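Data first, discussion second: the structure below is written as structure tokens.
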Amino acid sequence: MAEIEQFLKDMGGKITNKIEKKKRLYFNVTNDDLQDIADYLFNKMGCRLSTATAMEMYHGLEILYHFSLDKTGQYFCPRIVIKDKKNPKVNSITSIVEGAVWIEREMFDLWGIEFIGHPRMEELLTLHHPGTVKKPLRFREVGA
Amino acid sequence: MKRLFIDIPALMDSKSSIEDIQCEYFYHRKNPGQFSLLEIAEFAIYCRQCKDAFCVTACPKEALERQEDRLIKRFNMRCVGCKSCILACPFGTIFPEVINYITAKCDYCLNQLSENPDFEPLCSKTAPPGTITMKEISAEDPDNHIFLYGDHLAIKSHHWRHKEDKV
Amino acid sequence: MKANKIPIGPFHPLLEEAEYFELTVDGETVVDIDMEIGWMHRGHEYISEMKTFTQSIYLVERICGICSTSHPLACVHAIEDIDNIEIPLRARYIRTLVGELERIHSHLLWIGLAGHFIGYDTLWMWAWKYREPVLEMFEIISGNRNHYGMMRVGGVAKDVDPEKITELYKHLDMIDKKMVMVAKVVRDDPVLKSRLKGVGVLTHEAAVAYCAVGPTSRASGVPWDVRRDEPTDAYDLVDFEVIVLPNGDVYDKAVVRVLEIIESGKIIRQCLEKLKTVQGPIINNVKEISPGEGIGRYEAPRGEVFHYIRSDGTNRPIRHKVRAPSYVNIPTFTASCKGIPIADALITLASVDPCYCCTERSIKIIDQKHGHQQIDLLKSSREKTERIRREIHGN
Amino acid sequence: MGWYNKRLAKSLWVFHVSGSPCNNCDIEILDLLTPRYDIERLGIKLVGSVRHADVLLVTGVFNKKIAPKIKKIYEQAPKPIFVVAIGTCVSGGCCFKDSYNMVEKREEFIPIDMYVPGCPPKPEAMIEAVAKLVGVLNG
Amino acid sequence: MIAWILFHLFVFPGMLFTGILGLLIGWFDRKLSARFQFRKGPPLFQNFNDFFKLLGKETIIVKEAVKSVFIIAPLAAFAVLTLISTIIGLALFYQRGFGGDIIVVMYLTMTFSVMVILGGSATGNVFSSIGAGREMKLLLADELAFIIILLVPIIKSGYQIRFDQIIAVQQASGPFIGSASGIIAFIIGMLCIQAKMTLAPFHIPEAETEIVEGPFMEYSGPLLAFWKLNHYMMYVIFPFLLILLFWGGFQFQGIGILWAVLKYVLIVTVMIIIKNTNPRIRIDTALNFFWRYASPVAFIGVILAVLGV
């Protein structure tokens, strides 16, 4: 796969824990490199941001971005690990990908992850919620 | 080597419910990983390894299969939790509460251990003291009824083969 | 002001999902739009993580009644992606068959509603009338009109018998003819054309920036279709064309949809033809899902449905992420609605097919100059059609 | 009230309330109005204002955001009013009952007189429900 | 005497007769409309059931509403319609009238529209207010044309402003509809009626799917029942008025009865057909239509009438 090789050549220094599967590439990046990677994937390679998945793992919160290279059906999935579960903060990629606005707002709503540099960091699903909800919706403290 | 040690008789005797034991992985909280450990223990230690296994024949979904190491294994994508196998087993070795429809797996908290060798898993913290612990066990100790299963699990129980002097 | 509180949003005569749009207008022009969602949030992802994989498939089916086979399909694709599970050939054809039938039913539903929104009720009645045989075909295949429950990890749940196939052919022949008619109406009707052409343009750049999917982006010249780009099921075994149009206006979106209906008809024919000859099992019995992560997607009528599933080796996912197409398509309103007249706002909102009923028909409008007021979007939309109709037909 | 109930039975005006459904029940309700099932034969009419309604057709598992709105809708309806729950969602929560965003007792927000189970119920089932309601009203 | 007046007012041809006939003809309307949409339509006594059911329902008076107006409007409208129907009915069935009754009827119809406007705006609901506003504009639109065409039978009957005289003249020398001016006035009259009854294409104030039944949105129970009844009573009043003014009234001997029924049903059918084959138009189109075209044409009718054609 020429795209993957090219990508690894250009960005190889910034990624760790690479897992390669058929048409899927998962790898870890750091918060500081995230925007570079997103910029490369979105603007240089012409990927589309399918969505981003936040999940709670034993070691903290994880955000997995799914960039789809539609020409070949290849997926690039940069993963960010946030150790600080109490007060998670990540750089926003909305300045690079316009379509990430809702995706990041939803993560804020469900997991309480704050995106630095997001133009409108407020709830998406529970905005103007009439009742009282325990926010963030999905986050459970481990060991509770 | 550090292994997860389960003292099954003590666990069964303790008054607290087995359901109260929690697992480090929150997403499977309602059905923590110990069940999968107990299931392994059942099939590895109590099971008589019948030649023509009743449980395997009874299973309507072909979920039970004998592995190459002769142990029975349950494939949980097939099992529908009907518990026919429990009824079928003439030795009563399969406990109903252990064969779950929705299963969870214990990974012996290897991830956490790799980061912190002194890590104490949540199951060990929430279980009755001494029944589940993460401790150094180097070899099997049949006289004290401690048997190993795989690399990371140690079980304290009465092994039927040991009782009948077959090991 | 009390106007904000009118339950026109969530509860409207012709069945609505609750969704709330807020347009800011300057005179007659829309300058900004804001959307509020969350009335339908049921926590699917969370529930799915407490269910087994097999149960999850039926759960995601109930995300929505209109894409009710796209979500299960994407979900099983994701599970199969973890272990690269092979699917029997016959099952692949059946999956494609059901998926394409759903596309026809969903697009027809949309065409009908779009017609209704611009005051073209004949089109509405027509489209909905021809939707009924499609539902009947579903009933023949799966036994249910709406939630089919056909998908399983590794295959499908029910087979399509030979006698069913003959009956399906009968229905298909009938639909096919009507579809050509509907397509002709949508493409050639002068009123419809001048009503929709140049309205609510979503430029190519905006479609890319907002990561729009499906007909919404294909009408803007973004040539992506999951069916072709990552062929799963039988899509690499059948011939079909991906419809791409350049302009990005509502008219193109409508045309993309009608042409897709005709393509779907072709695919269904090919599948039925193959089902007559291809024999074999319909499900590959899966024992276990190993730990790992998988991504599954499917080109739903509205665009790419995306499912991400992470497994830890048990029989249930530890993370299940769902992204419906409308979720990325709805934010494109910000781009396509700015600067258009109010009369066009409704049809522009409807043009991405935000799940049939997501779009509100009356919307709170904040006029920057004149303060709050309520304007009837459906009405102004219909009036414009009327005006054009008069211009064309001469009074 | 027998005479009055008979009148009521012949003239049920329905209003559709959707509380986080999956749309399918709603589509099937609309199907009732189309030529194929045509429930106007039975005097049933879909009205646009809750003030005119005799029957509220409720669908969906109410999520926490929409439930208060549904309560308000019910309060706005003139009594006597019947509430018919369409779909398994309202009666049992369907597969959503474990969610964190669901209200636990839907009956707290809207008293339900009749349940039509099914996911979604067939239009025929809904017609039967109406017939039952008519039967009850007729004594 | 008093008893007779009461009888006329409340039983025949006033309240009871008009109400019942209206509800029946309302069923006819719904049935025919259903057939247009390939449906079966409601059963015969549907409207009676609807009416009595609504009577037994709770009346909700909205907090924001002006209470007195909210309640009085439908009842006053009902009273107005009863009065109109009595006057028209007396002229039709008993050949009785009084000086200037035609002007009284004209004013009363206007009063009815005013009641709708008042009722709509009293609810304090945005959609109702929009509906009321539209009703007002519609009144502005159709009223002039309506008044002008009323002049035609007056002129043709030798400047009589009494219904009984108008009928008498027509029975003596043939209905006015036979003349050029009469037919023009009749057609414009049909259109005005369509607008006055807010039927398609002029159902702008009640646009059901748009503004949720317009002025009547917040009404419930008995008050709504009266609005519905009012609506159906108009199905009787206006066709009767047209028959009276242009079509020579009713004769009740022999074949005349059949002919009378036929005339009535014909007019109603035409109304329903117009209603079902036309889309809704915009309020300014309606204004435009009535002021630009209908009124001048009606005026030509008047001139023709003066010329005796």
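Odds and ends about this structure:
Labels A, B, C, D and E are assigned to the chains in the order they are written; within every chain, residues are numbered from 1.
The rule is short, and it goes like this: a contact is a pair of C-beta atoms (placed from the backbone, for glycine too) under 8 Å apart; a residue touches a chain by one contact, two chains touch by 3 or more.
Because the structure is a prediction, the values reported are computed rather than measured.
Minimum number of contact steps separating subunit A from subunit B: 1.
When every pair of chains is scored by its C-beta contact pairs, the maximum goes to C-D. Farthest chain from subunit E, judged by C-alpha centroids: B.
The chain with its Cα centre farthest from the Cα centre of subunit D is B. The centroid of the Cα atoms in subunit A and the matching centroid in subunit D are 42 Å apart.
Per-chain Cα centroids separate subunit B from subunit E by 84 Å.
A separation of 46 Å divides the Cα centre of subunit C from that of subunit E. Residues of subunit D in contact with at least two other chains: 35, 47-48, 65, 69, 100-101.
Within subunit A, the positions touching two or more other chains are listed as 125-126, 129, 137-138. The residues of subunit C that reach two or more other chains are 13-14, 38, 41, 43, 46, 50-51, 318-319, listed in rising order. Taken together, the subunit D residues at the contact with subunit E in this complex read 4, 7-8, 10-11, 13, 35, 38, 40-41, 43, 47-49, 51-52, 54, 76, 78-80. Residues 36-38, 41, 43, 45-46, 81, 84, 208-213, 224, 226, 229-230, 293-295, 297, 304, 306, 308, 310, 318-319, 321, 323, 327-328, 330-331 of subunit C are the ones that touch subunit A when the two sit in their complex. The part of subunit C that touches subunit D in the complex is made up of residues 7, 10-18, 38-44, 46-47, 50-51, 55, 58-59, 62-66, 68, 128-129, 132, 145-147, 355-357. Only residues 49-54, 153, 285-289, 312-316, 318-319 of subunit C touch subunit B when the two sit together in their complex. Taken in their complex, subunit E has these residues touching subunit D: 30, 34, 37-43, 45-46, 48-50, 52-53, 56-60, 208-209, 212-213, 216-221, 224.
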